[in-house]
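In the two complexes that follow, chain A is the common piece, with chain B as its partner first and chain C second.
Showing the complex of A and B:
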């Protein structure tokens, strides 16, 4: 598997998915690409492949701000895939990082965490 | 084996009828029943997912709208005084001008300029000057009606917009403002033995009637303000085409000292 690294732009988040460190996968930034599903397709594929290789554990760090509706759908797909991996016995953690004084970002994380069985941590940052 | 559809499933009547029929038919067909259960489960999850996406999307859209509102307010607000800034005041004037219909009262514009404000800045520093401007703004807010608008037009210049007001009424408001500012005392707490800050005001008044040119009305208010300054300050002058022209003409020949 290759290291999937995409630099952040104004409308797309930083993607840092390194197969050698499945405990430190990172997606961070704003997300409103013009063609959301095209942008997220390789990311979904990468995660699906990672799960297929059954790593010892997976940790995904998310630090997200504005998401368009398409991006919300893609993140739910990602989380769903990880939840399935969790059900198959892979220890999966999602860390939702948010500014401690941004209550909306916290609520957004809570919304995403709903209905998931994997370990979803809301992590406030100063 | 149950032939009931799950409760948390939403469907149109047509889907419900067909699913119900399939469930009944699958009673004796293990495999069909399994596939059907799987599909129904998938359908329920999709519905839930759709709800969740909509909820998150709504929340984010709400946040964007709120940020937009804050941004709009920030670009039309004067940070020091909290009044409208020039851009905000112009927008308000334009909105009021386009609203003014024939036959109604139109509105009055007051241009206010603090007399010798430079002395406060020069003597006590810009912080004192800023503090004084904040107090002036507070004073304006207190004196005006809820639907009047006030903005910081320039450094020590303010603009007041009085909707549905004629010149006589505007003159009354101007008198009230003149008196309030005349009586205003702002203590300089940090500086010992410093006297309270105070200042007077000069005001130029002009009226906008439906069909008038807004810039011309503002120029008229400015001329009236110029007259108020030159006739001794601490007063309001109303723009009347002939009188103001005559007075300005006279001033050109006998200008008073600033």
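Showing the complex of A and C:
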């Protein structure tokens, strides 16, 4: 598997998915690209492939400031994939990092967490 | 022919308490650039963080809806020019409780209007709890092949708004298109 690394832009987050460190997967930034589904397609594929390779455990760190609805949908799909892996016995952790004064980011994290069984940690940052 | 009086136009904007205005073809670049201006402006006015996030979110959903509609609907370059032409305004409401209005307008094909207005009318009948349920349901639905989006944009706008979504349809010179305006109020407190 390839290391999927995409630098952040004004409207897309940093993507840092290294298959050698499945416990340190990271997505961070803003997300409102022109074509959300095209942007997230390779990311969904990468995650799917990672799960197929059955890593000992997976930790995904998300630090997202703003997401448009298309991006929210894509993250729901990513998280559901990870939830499925969790159900199949892969230990999965999701860390949702949010700035403590960003209420909306916290609410979004709570919305996601509510629909998932995997370990979802809401982590406030000063 | 009398030339356009820009000072008068500016006064018109100021009287209507318009903070930012755009009229022309939208692109992702324009959306990002103007979004940056929206954020900077609200930050300078010490608007509550959540209100800033809500105004930004409504602005992004509105403008990306117009841009997606133009991209998916236009059958020719000429049609794309017409459909991507947007009027975008962000204003401050003159009400007792401070609120922001995010307004946008574009051309929509006559045959696409009933579906859109039915959807807005339906969303407007829902309370916060029902909106959340519908939102979550849409979020978990698999995407339909060829769908333009997840169908979440207008639900999101209503969830951020403190009043029902307001729209208006006006005739244009052509029978094919109507001029569709959407206005969303976001309360600052």
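Worth a mention:
One rule holds in what follows: the second predicted complex is superposed on the first by the 126 of 126 C-alpha atoms of A that agree within 3 Å, B and C clash if a C-alpha of one lies under 4 Å from a C-alpha of the other, contacts with A are read in each partner's own complex, and residues count from 1 in each chain.
Just so we're on the same page, contacts are C-beta pairs under 8 Å (C-beta built on N, C-alpha and C of every residue); 3 or more make two chains touch, one makes a residue touch a chain.
Owing to the predicted nature of the structure, the values given are computational and were not obtained by experimental measurement.
On the superposed chain A, the two partners chain B and chain C do not both fit; they clash. Greater residue coverage of chain A by touch, when chain B is weighed against chain C, goes to C. Of the two partner chains, neither chain B nor chain C is touched by A:6.
With both structures placed on the common chain, the touch criterion links A:81 to neither chain B nor chain C.
Contacts of A:69 after superposition: both chain B and chain C are touched.
Contacts of A:111 after superposition: both chain B and chain C are touched. Applying the stated contact rule after C-alpha superposition, one finds that A:34 touches chain C and leaves chain B untouched.
Residues 66, 68-69, 72-73, 76, 80, 104, 111, 115 of chain A lie at the contact with chain B in one complex and at the contact with chain C in the other.
By the touch criterion given at the top, residues 28, 32, 35-36, 49-50, 53-54, 56-57, 60-61, 64, 67, 136, 139-140, 143, 149-150, 152-153, 155-156 of chain C touch chain A in their complex.
Residues 48-49, 52-53, 55-57, 59-60, 63-64 of chain B touch chain A in their complex.
Only residues 66-69, 72-73, 76, 80, 104, 107-108, 111-112, 114-115 of chain A touch chain B when the two sit together in their complex.
Of all residues in chain A, only 10-11, 32-34, 37, 66, 68-70, 72-73, 76, 80, 101-104, 111, 115 touch chain C in the complex they form.
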